[in-house]
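In what follows, subunit A forms one complex with subunit B and a second complex with subunit C.
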Partner chain A sequence: MAVLFGTQEWADTLKKAVETSQAYKEAAKNWEGDLYIIVEPDASYTHRHIVYLDLWHGECREASGIEDEGEKSPKYRIFGPFTNMKQILDKKVDAVQSMMTGKIKVKGDMAQIMKMPRATVELVNCMTSFDTVFPD
Partner chain B sequence: MTEVRVKKGEELNGLGAMLKEILDQNIKDPGKYRSVRKLSASVVIKEATSGVAVTLILKGGEIEIQNDAVEKPTAYMEAGFENLAHITSGQLNPIVALLTRKLKSGGNPLLLLKISNIMVLK
Partner chain C sequence: MWYFVVPEVVFGQDALSHLAELKGKTAFIVTDKNIVNLGLIDKVKEQLAQAGIQATIFDEVEPDPSLQTVQKGVALVNQYGPDLIVAVGGGSVMDAAKAMRVEYERPDIKAEEINPFISDLGLGAKCKLVCIATTSGTGAEATFVVVLTDTADQRKLSLINREIVPDIAIVDPEMARAMPPQITADTGIDALTHAIEGYTCAWKNDFADGLCIRAIQLVFRYLPRAVRNGDDMEAREKMHNAACMAGIGFVNALTAMAHAAGHSLGAVFHTPHGRAVGLFLPYTIEFIGEVREELWAEIAYAIKLEVPQGKTAAAILAQTIRELAREIHQPVSLKEAGIPLDSFNKAMERLIDNVMADGSLIVSARIPNVAETERFFNYTYEGKSIDF
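Right, the complex of A and B next:
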């Protein structure tokens, strides 16, 4: 069953996917840092959604849907327009390719991402391991 | 020099944005900057899977970064995202990467060696 993006249910589903992924645990065993996943409005979608994840040494300590971006001060922000983010979540495009072309952007300590590129890939694999739908 | 300049009017692609952050950190180190200050060259860096490339232009002590590959660069290097990440984060020695074919390169190899001083976080 598809889960509505931006909701607590989506955050909980992703948390569960992260917790059960051995590949993520291994790739992110030294990862320290929380993040926002931000879906920005574009020509085909008017809403903005933020999901917060607190990732620590292969574990997800907290996952929640966020209303106000100022609520937390995460170390990383992964963001992009709805159309591009949806294509990734629907597995229609590769997340690394989208990151390289700048269709989605990452802000934060790039040194850590470069040290653990597999962690980023495995996190996206967790995000695409279940079906996502977006609110109308 | 405190920062790598982005070509006027361009918004860097993701590869360029990542590399710029690393280059900016490295050129703050006078020793590393000194190793490339006198270079006059163009270096293309390409992510193999996506085909996304950027070019570094070194001239007169300035370093400029721009999207895409220029024609006939002085040197070029190409690797997949994970290998590029491992090289730039200092986990994979560029020479080892070349020998194991994780990194493809062309042009002036000495230049690539010098450039690695500012491309690798140590």
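Right, the complex of A and C next:
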């Protein structure tokens, strides 16, 4: 069953996917840092969604839908327009290639991302391990 | 959406004379002492002089260049203020020069901070980068990757950004003539690994495919000749071209698991880069196996290999690569590469960690977990074909 993006249910589903992914645990065993995933409105979608993840040494300590971007001060912000984010969640494009072509932007400590590129890949694999739908 | 990035490539006999056509007043030549001793820098300076360009030399780049060496070069290049940086050497020299160029033009960015997510580096305003290859393998003259060693961490840093691609790549076979057989073999097998991984990785693409498959054909045909007789200039030229083509091919698609394992081994045991990645190549083909069987078959067809009934193209290709390695006197196992078993076992955790952290791994068509990586290393130590 598809889960509505940006909701607590979506965050919980992702947290469960991360917790059960051995590949993520291995790839992110040294990862330290929380992040926002921000879906921005574009020509085909008017809403803005923020999901907060607190990732620490292969574990997901907290996952939640966020209303106010100022609520947390995460180490990373991954953001992009709805159309580009949806393509990643639908497995139509590669997330890292999207970042490298500027379709998706990343702000934060890039050195850590470069030291653990597979952590990013496995996190995206967790995100795409279940079906996502977006609110109308 | 993706990009295909390539420098201006000047190739063939006498390509070095293109230097005499360049515009500029001063050039900072980055090289190593061996290249100086071979007299290759004199040839470069002679051509630059014809263009009225004065040159100074930094010849302290070591194999597997460190961040510290880059910093030393940056301090000198800043003092000199050239409008050309000319790298003359193999991959280590050219990678160091690319990193120096970034820091020279963008003092706000440290070499180790180069990453694919930075856009608008704005390079080219202060200087142009010319890379002249003296080995036929790395393809670094045409790539936008920099591999540096963080000596503190015993780890290689693979830094990538498409804007750091050299402005001009000079691929003159005469510059490779003096390469001894061992280096010809080490670097040639590197070119083969680039081409095969570029052709089969997850980010393969139509533009890279054509270069990679042609490079594979050229390596199989000409590498043994170039190793046997360094004065065989047809073989030298074809290998020089193959290396550059494979470089352009892989960097626009990326390398995969053989490079992840090779980087890891090199960082711990200082095995020459090409020898390391080439050693792992047949094992990674076996490991990836059926996931890419169609592509292994395409490569086998391109080099006229027959795949008998009941055999896989992966197995035949892996075997053929091992035969090529033996022909050019390359090791086909870590044991043959001279790595002591006790050191190997002690380093296992580091070897695995390095592979898991390597950027090349993310585009492997099959990504190993920790347990598989340990098994993979144990098989490659013994020279046992991968069967899992």
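As a working rule, the second predicted complex is superposed on the first by the 136 of 136 C-alpha atoms of A that agree within 3 Å, B and C clash if a C-alpha of one lies under 4 Å from a C-alpha of the other, contacts with A are read in each partner's own complex, and residues count from 1 in each chain.
Keep in mind that, in the parts below, a residue touches a chain if its C-beta (ideal position, glycine included) is under 8 Å from a C-beta of that chain, and two chains touch if they have at least 3 such contacts.
The shown structure was predicted, so the numbers you read here are calculated from the model rather than taken from an experiment.
Chemist: Give one word, clash or fit, describing how subunit B and subunit C relate on subunit A after superposing.
Modeler: clash
Chemist: Name the contact category of A:Glu26: first (subunit B only), second (subunit C only), both, or neither.
Modeler: Second partner only, subunit C.
Chemist: With both complexes overlaid on chain A, does A:Arg48 touch subunit B (first), subunit C (second), both or neither?
Modeler: Neither partner.
Chemist: Counting only touches as set out at the top, which of subunit B and subunit C does A:Ala111 meet: first, second, both, neither?
Modeler: Both: A:Ala111 reaches subunit B and subunit C.
Chemist: After superposition on the shared chain, which partner residues are touched by A:Lys16: those of subunit B (first), subunit C (second), both, or neither?
Modeler: neither
Chemist: Applying the document's definition of touch, where does A:Met100 land relative to subunit B and subunit C: first, second, both, or neither?
Modeler: So A:Met100 meets both subunit B and subunit C here.
Chemist: With chain A superposed, which of the segments 42-50, 96-104, 222-230 or 294-302 in subunit C collides sterically with subunit B?
Modeler: Stretch flagged for C-alpha clashes with subunit B: 96-104.
Chemist: Need the overlap of the two footprints on subunit A, from subunit B and from subunit C, as residue ranges.
Modeler: Shared contact residues on subunit A (touching subunit B in one complex, subunit C in the other): 94, 96-97, 99-103, 105-106, 110-111, 113-115, 117-118, 121.
Chemist: If we count contacts the way the header does, which residues on subunit B are in touch with subunit A in the complex?
Modeler: Touch residues, subunit B against subunit A: 11-18, 21-22, 25, 47, 49-50, 52, 81-82, 85-86, 88-89, 91, 121.
Chemist: Considering the complex alone, what residue numbers of subunit A touch subunit B?
Modeler: 94, 96-106, 110-111, 113-115, 117-118, 121
Chemist: Could you list, by residue number, the parts of subunit A that touch subunit C in their complex?
Modeler: For subunit A paired with subunit C, touching residues are 22-23, 26-27, 94, 96-97, 99-103, 105-106, 110-111, 113-118, 121.
Chemist: How about subunit C: which of its residues touch subunit A in the complex?
Modeler: So the residues of subunit C touching subunit A come out as 1-3, 112-113, 115-119, 157, 159, 202-203, 356-357, 359, 361-362, 367, 369-370.
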